[in-house]
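After this come two complexes, each holding chain A, first together with chain B and then together with chain C.
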Partner chain A sequence: MNLDDRAAIPPEVLVRQLGEETVILDLASGTYFGLDESGTRIWQLLQQGATLREVCNAMLAEFDAAPQDIERDVLDLARELSGRGLIRIA
Partner chain B sequence: MYNIDDYGDMIADRQRTGAFARALEAAVRPGDVVLDIGTGTGIFPLFACRFGASRVHAIESAPHIQVARETAAANGVQERVIFHEGSSRRIELPERVDVIVSDLRGQLPMFRQSLLAIIDARRRFLAPGGRIIAERDDLWMAPVEAPNLAKAFRQPWCENPWGFDLSAGLPLAANTVARGPVGAQQLLAAPMLYAAVDYVRAETAELQARAQMRIERDGEADGLATWFDAVLFEDIVLSNAPGAPLSYGQAFLRWPKAVKVTAGDIVEVDVRADLVGTDYVWSWQSTVRRAQGTVVESFRQSTFLGEPMTPSMMQAISSRHVPDLGEDGDVDRLVLEHMRGRNSLGQIAAVLAARYPHRFAGEAEALRHVAELSLRYRRMPGESR
Partner chain C sequence: MTGIDLDLAPARRQRTLRSPVVTEWKLHGRSHARIHRTREGFLMRFPQVADFHISRDGSHVSTRPAPGVETPSLYNVYLSQVLPMALSRRGRLVFHASAVEVDGCAIAFMGASGRGKSTLAAAFATAGFPFLTDDGLFVEVANGAASVVPGHPSLRLWGDSGEALLGPEPGLEDGKSRILSGDRIAHCTTPRPLRRIYLIDEADDAGIAIGPLAGAPAFTALAAHSFLLADGDARLLEGHFEGLAALAGAGLCASLRYPRRYERLAEVRAAVLADSRSPRA
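Moving on to the complex of A and B:
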């Protein structure tokens, strides 16, 4: 996985946002996965087709955090989502 | 799950009960052993005995099984019908059976854990060469003009007469699978057979299918009706098609708004039903196209989006959540820890009332709570330790 990758959301993944939080339902496994405020924003950007680099840049503009921390958080979350089958990296 | 009136309605539905009776007559041979999953108040075992069954195992988790026992006795077959109280998936039978009968449908066969129960029973209990009633459910779909059904769910949230913005309720209402009835005259396209549930061979309880229908007349489509034709046994079919006088009612997959359609338009639907926990999540993605391909409307809906939910509930079900037991949990844990075959409910209630005086006004109130838990978690007759 690298910063030029984009994510696709499989059809068996359903998403529900309430306020600043999100819960993702994976119909394949019947399990739920929660995202906090920053995770929700990362998910929105991925859903819009942004590359991981574009996600990092947007997060840097919106959240008060160091660039290396944002990049680590974005990549960690993308790896976890990918590992659980909630996104497909392309 | 069902009350006595529901069972009464099912028995009184002559089309339904008559079709199952004919199927049992055709499938049961003299001396057969029959299994009835979800016997309810126990009418199928009576038919099975009438048609020659030597023994019927009747399974029911609802307390109405007592009515079934008394009914068997009233009809003189109490020696031939063996009742099993509980979930079929947790019950062991002493023998293989020649016929399995069940009617666990809602408006559609994907209803709670019914398919899992049938698949499990077929694998564990059906003798080689055995028969299943029903053998198959064919699933049909058509776009429908159903202004009354649509108005009933849209109007409170979109057009209320009180001058408030109540639109927050619409996404929940629009992502709910409702119950018909839908009449044949309300169909906007010829029905499409989009899936079949083959009970003889099914290995999965999930559904995933695509339907494509061509609009046959101009109108306003409010959503999709879907129903079953149950092939009970050989040529005996129970159809729940629009207009059929059956008690099940058709399922109505709503659209969030009415769509003007003209003859020749194409309606494409990707539909799936996934068993999540104890019930199904239904998802339906609908696209309406003009004949030349222009997309008029597209909706992606799911009952997952129709469940009332708060942010704290969302957190509580997430796989990443680290749970912390609330006081309700502490109370129930204390009660369950005392249910080890040594203490009476009264003794447990005394402990509970003393430990949580701010929750229970006295031992009587604590006893009511302990009794509820005792009912829910009691060891069922025949359940092994």
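Moving on to the complex of A and C:
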């Protein structure tokens, strides 16, 4: 996985936003997953087709955090979502 | 209503099952029940207690007890653990929770076993607030509004809880006893709009605390206390997900922490009443 990758959301993944947070259902496994406020923003940007680098840049503009922390958080979440089958990296 | 007739077969020693296991419930690290997939639907096995057959669409349940198991024990298992799973096959939202009626609305107490759901329901019922359910909370969500459907007209209480709340009562035992509704504890028999769901936290000797619970944490808590026998059925999974998301997003949930002392129950009841009557944040 690198910063030029984009994510696709499989059709069997259902998403609902609850306030500033998000819950996700993977119909294939029947498991739920929750995203906090920053995770929700990352998900929204990925859903819009942004590369991981573009996600990092947008998060840097919106959240008060160091660039290296944002890059680590974005990559960690993308790996976790990919590992759970909730996104496909392309 | 929430009932499904239970067909009873003669007792027989449980035989080894070879059908695939869908899920297993554990209690204190030990297997408490297993659900097997069968040609007709599902078989819930409670070792040394009974086998329950649930039709694939959840419309029919039959049971065969193990030798020596008494009928009341069989119905306790059926009402508290099998019926909720069967109803979930019919797309119903069912939770491990009790509920009482306050001002024409339902307030629910949700939490793991032993957190005090039944004791709280009894503490309200003995103070003139009829209970809607004890063993399983059946919720209907329609047009954005949630309502609670009454369950079985009985409360299951530990002997010490029963005695503390009801006084000496014939039939109360050291273990859990099922107490039918009557003059002292009324049962609400009509659906009521759901006003609050209290997620019961661990005991706190420091005092009573009620706090808001919303968003993903509310969803996660509701999911953890819900019954669902989906077995990969996408329609059931999606309906369950939508129902939980609607409840979590409706601002109905709150966390409840209190000391587990009978002499403080009146205070807990007063705090819950005040909170449930206050406008949502």
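Note that in this section the second predicted complex is superposed on the first by the 90 of 90 C-alpha atoms of A that agree within 3 Å, B and C clash if a C-alpha of one lies under 4 Å from a C-alpha of the other, contacts with A are read in each partner's own complex, and residues count from 1 in each chain.
Criterion: a contact is a pair of C-beta atoms (placed from the backbone, for glycine too) under 8 Å apart; a residue touches a chain by one contact, two chains touch by 3 or more.
Note that this is a predicted model, so its numbers are computed, not measured.
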- [ ] Evaluate whether chain B and chain C can sit on chain A together after superposition, giving fit or clash.
- [x] clash
Task: Touched partner set for A:Glu21, first chain B, second chain C, both or neither - done: both
- [ ] Considering only the touch criterion stated at the top, classify A:Phe63 as touching first (chain B), second (chain C), both, or neither.
- [x] neither
Task: Colliding stretch - chain C into chain B, listed as 45-53, 99-107 or 189-197 - done: 45-53
Open item on the list: Taking the stated contact definition, name every residue in chain A that is touched by chain B in one complex and by chain C in the other, in rising order.
Closed with: 12, 14, 16, 18-19, 21-23, 25, 27, 30, 32, 34
Open item on the list: For the complex, give me every residue of chain B touching chain A.
Closed with: 270, 272, 274-277, 281, 283, 302, 304-305, 309-311, 314-315, 317-321
Open item on the list: Per the contact definition, I'd like the list of chain A residues that touch chain B in the complex.
Closed with: 11-12, 14, 16, 18-19, 21-23, 25, 27-28, 30-34
Open item on the list: Quick check: in the complex, which residue numbers of chain A touch chain C?
Closed with: 12, 14, 16, 18-23, 25, 27, 30, 32, 34-36
Task: Interface residues, chain C side, partner chain A - complex - done: 214-220, 223, 230, 232, 234, 237-238, 241-242, 244-245, 248-249
